[in-house]
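Listed next: structures, encoded as structure tokens.
Shared between the two complexes below is subunit A, which has subunit B as its partner in the first and subunit C in the second.
What follows is the complex of A and B.
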């Protein structure tokens, strides 16, 4: 069965993403049978990824597509046509779209970071609910404006920190860390996103498809290189710590339930000499969490894939939980001195994996080593694309059936410390946060 | 149905059993499948092509494809008869989708193999094909396929057939088939699924004489659609 057949035969397929909390009073559509009319703002790579995830969610009608690049616009419209068998309305300018389109409920914003805030605010002011990709903005004031617009218009605004709706992450936080406290006291966090040089190259495009220079200038781009590679430019994005690190530093703050009190960062153009943003950044955040002090280290490297890709590791006195969007990157380790987890395994909370490696024969080094921890895993698997649960949560909230897992205010509180990583690295000084630096 | 998303878990035991030796093929076709392209033509010259730059985005390759071939570390050494040339450059391409989603069919033979925006051609999900008309029947010694190498994904049911019949109803020879469970109903294949890379994927043409080349696929491990950046067909003109 292909996707077209799947969709036509499965109008009642449940949106099986997490549905949490009390129903919202802001619902635009009354029931799952009502179509939610969607405008897709930005149909580049990420816009297409989100569309792919949404194509598995029933009850969505893609009414309009907007992108300044004809290639993206036609590609996005082609994908919509393939899915719903008729062309959506096409626009190169969001103002024209908002003026002409009637009956829209939702905008999905996947434009470059420096356009997130203007586009999200426009859509909220036009009365639409918005799902906007992370980071919220390339500036903290841009992010603040999004929170104000959401609250001023009393509309929903979900930010695309998709791990917040990932069942593996939610299970880890709710059941393993909070309810069963298997980490004991979390003292340290370690996280990273290491990306190989081959994965960090300039994004290429076919030169014959270039956008007219006047149109590029109209929308804030100096040239096609900037348009394709806006992540390298300081006026357009926050660079790798924002582009990649935001996913994981958000998890630090979400899991600890608080903001850090300081950041001390180091970065440099160690390999990609001509890029405006640092290609490698390392940052240390200090927290005063409810359970005590926590020190968190995060690194984003765009020069090597060594070290195991991307993950967050919550290290406690009794156990460590390593989380990742990839199941293969997730693991749970029990300290040898911690109480046994046999009961948790018996009750199905954990699955025991390999036995610890046998201790080496005593020698001058091994005699100082800790005993190898037992390894466990979370039972069950995920069978959805990474963004689908988060989008399902958003559309459930639009229908009044759920609360957002990451509304703009909570996203801001989590993202605010990230805006200060590059300044710390540039100044080569720690930043002790003031309320004004972290609050809306 | 094969997986279309990375997290889907297969019933691994039963699927792995299929990887051993399946020699079935459609009754209307002859099959020359094998574990790999082999060395080509003994005494021949080495096949050379211009490789695109390696640019990788996205997650590591899925591990849940049975009998998956290791990701190549270099372009294979493969011998073709002296006088072998690229037959497909600029030749007409048709496809099974009347309304391609992205790009246009001529991208398949335009000689540009990069993985960036605008270089690839995307058609619908499900079993789809692109077909190259070589304009006359000629011996084919090698084919190179680049579906989409910007991500380490695997395309399902890669089946390459050649024929002198543009409808592929008669005289069909299957040069490559990794449809291990016959989900595409063109006969089970014994070739191995593989991870896309900038090296492309080399298929032995074995000197089969044909005018038309038809390449099938059935979605991939990242999404349901079918993509082609380039197909190169090498042979000796007659």
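What follows is the complex of A and C.
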């Protein structure tokens, strides 16, 4: 059974409580032969990542580019020109772009988090379909406004939780967790993104390229350092739990098909003392999922890369699936007491890895430990840039050929609990969610 | 053994040393330049489940090394971002350097291997290594600087022994 057949046959399963997994907004009408005219809003680091991923997708015309920093604007426009052999129209102001550009179909929003909501709403109100980077907004009300604008304008709005279109993740959820239930009952989730101090330093810039202070102020930045390092500021972003954690906590909620009922978090400025956001955050979410209670622990550390980088680990009574955007960080373990998976291996569902080393008899503690689990892997790797599938899904939806894998409403349902992690850590108290805290 | 015989043996040793050193430096430059066109080609064979391809983007975990113009990267991507943030590094110069470094190393590798204007070729290779050293000083890569220092010493030795090198196509310069 391939993925498309599985999706059509499993629609009744998806409808049974898996609210987060089944986007409701249908694709727009369109033709596969039509070129889609795109405006790139924000050509910083993430904007360039998305552009590189889109450069492999046929049928896209990059009509306009917008960035308040001339350096980003000109280098981004240069990359576009290198790809499509003519220069896109360049703007430093999105309002001017939306007023002057005719025939646009799509906006790709990759601006700082606090601009996501205003920019997305403007573009939706202007009649464009929007692909916006995650986190939806730095405020939950900003995220709500995006959902309202999507539904008010009946346009598509995909949020950049790109794992939702990654065939490795979709395969893991569809075939391994739901169809073959290789985890048994999932009882715990453990996820992390640990990043070294060396990778978490302030981003530098050349003084000669600095933006005019008046323009910085016009767009909400007090100075050039804040413009380059907006992720450190509470009014501009949600900090590491939002920047890094949102990707993975979204996977928790997507895979379980529900929102958590509470969060209890701890955080601190352990190393980067002057930053407004916590540099290390740990959070525990509690779920009442369809299969029973689940506790999920998540940590984001910007002070050490120790502990295996970034992954999400779904731990069940019969097996554990460790997913990661990097194939090398993924693994599947069978509990020694679980039914054998030989048939799944034979049919190609799993790939068996080398047998684990037996515990040494001289190691006294070994007699108290469980037998080492067998290790397996999913049978394939992603042969594309990690954002490409998600963008392909978006453009297919714009052409009316697919449903969005992560529209704004479903992204909101998944992101809503993340907005309450920092408040829990600041108050040093658990938050038991009310419907008002998690609903649009 | 006579003095004349000793001198002859010593000269033969110098010729061998000079040829070997020239070959080493030539191969080092040539292959380093070629490697800048190398990349990893992933398998395009879809992973099969129950005998069917699940998703064409989910391919079997196999890769091979491949060379192509599309793979070209003069300055490694990981270092390029660091260089771009350096106030003393001019963006336009970095872009030019990025484009010419690979072809320059290949060209110099060939001229040194074949013995075409060996002295000038070695001089230019030394200047390339100095430019690389300057870049690494900017971003505090002390290990790389020491490594390039060894290369500079070898180039100086090769220039010193250039007269003992008979296997050259163009001996002048």
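Methods note: the second predicted complex is superposed on the first by the 408 of 440 C-alpha atoms of A that agree within 3 Å, B and C clash if a C-alpha of one lies under 4 Å from a C-alpha of the other, contacts with A are read in each partner's own complex, and residues count from 1 in each chain.
The rule we apply is simple: contacts are C-beta pairs under 8 Å (C-beta built on N, C-alpha and C of every residue); 3 or more make two chains touch, one makes a residue touch a chain.
Fair warning: this is a prediction, and the values are worked out from it, not measured in the lab.
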Overlay on subunit A: subunit C relative to subunit B, clash or fit: clash
Touching partner for A:349 - first (subunit B), second (subunit C), both, neither: second
Which of subunit B and subunit C A:241 touches, first, second, both or neither: neither
A:54 touches, of subunit B and subunit C: first, second, both or neither? neither
Contacts of A:296 with subunit B and subunit C, given as first, second, both or neither: neither
Subunit B versus subunit C as contact partner of A:327, first or second or both or neither: both
Which superposed partner A:385 touches (first subunit B, second subunit C, both, neither): first
Contacts of A:98 with subunit B and subunit C, given as first, second, both or neither: neither
Which of subunit B and subunit C A:396 touches, first, second, both or neither: neither
Partner chain(s) touched by A:206 [first = subunit B, second = subunit C, both, neither]: both
Subunit B versus subunit C, judged by how many residues of subunit A each one touches: B
Subunit B and subunit C contact sites that coincide on subunit A, given as residue numbers: 1-3, 203-206, 208, 327, 381-384
Footprint of subunit A on subunit C - complex, ascending: 42-44, 46-55, 57-61, 85, 87
Partner subunit C, residues of subunit A touching it in the complex: 1-3, 167-168, 170-171, 175, 203-208, 327, 347-349, 351, 377, 379-384, 389
Subunit B contact footprint on subunit A (complex, rising order): 1-4, 45, 52, 71, 74-75, 78-79, 81-82, 196, 198-199, 201, 203-206, 208-209, 228, 309, 325-328, 381-385
Subunit B residues touching subunit A - in the complex, by the definition given at the top: 1, 5-9, 53-57, 59-60, 63, 99-103, 112, 114-119, 122, 124-126, 219, 223-224
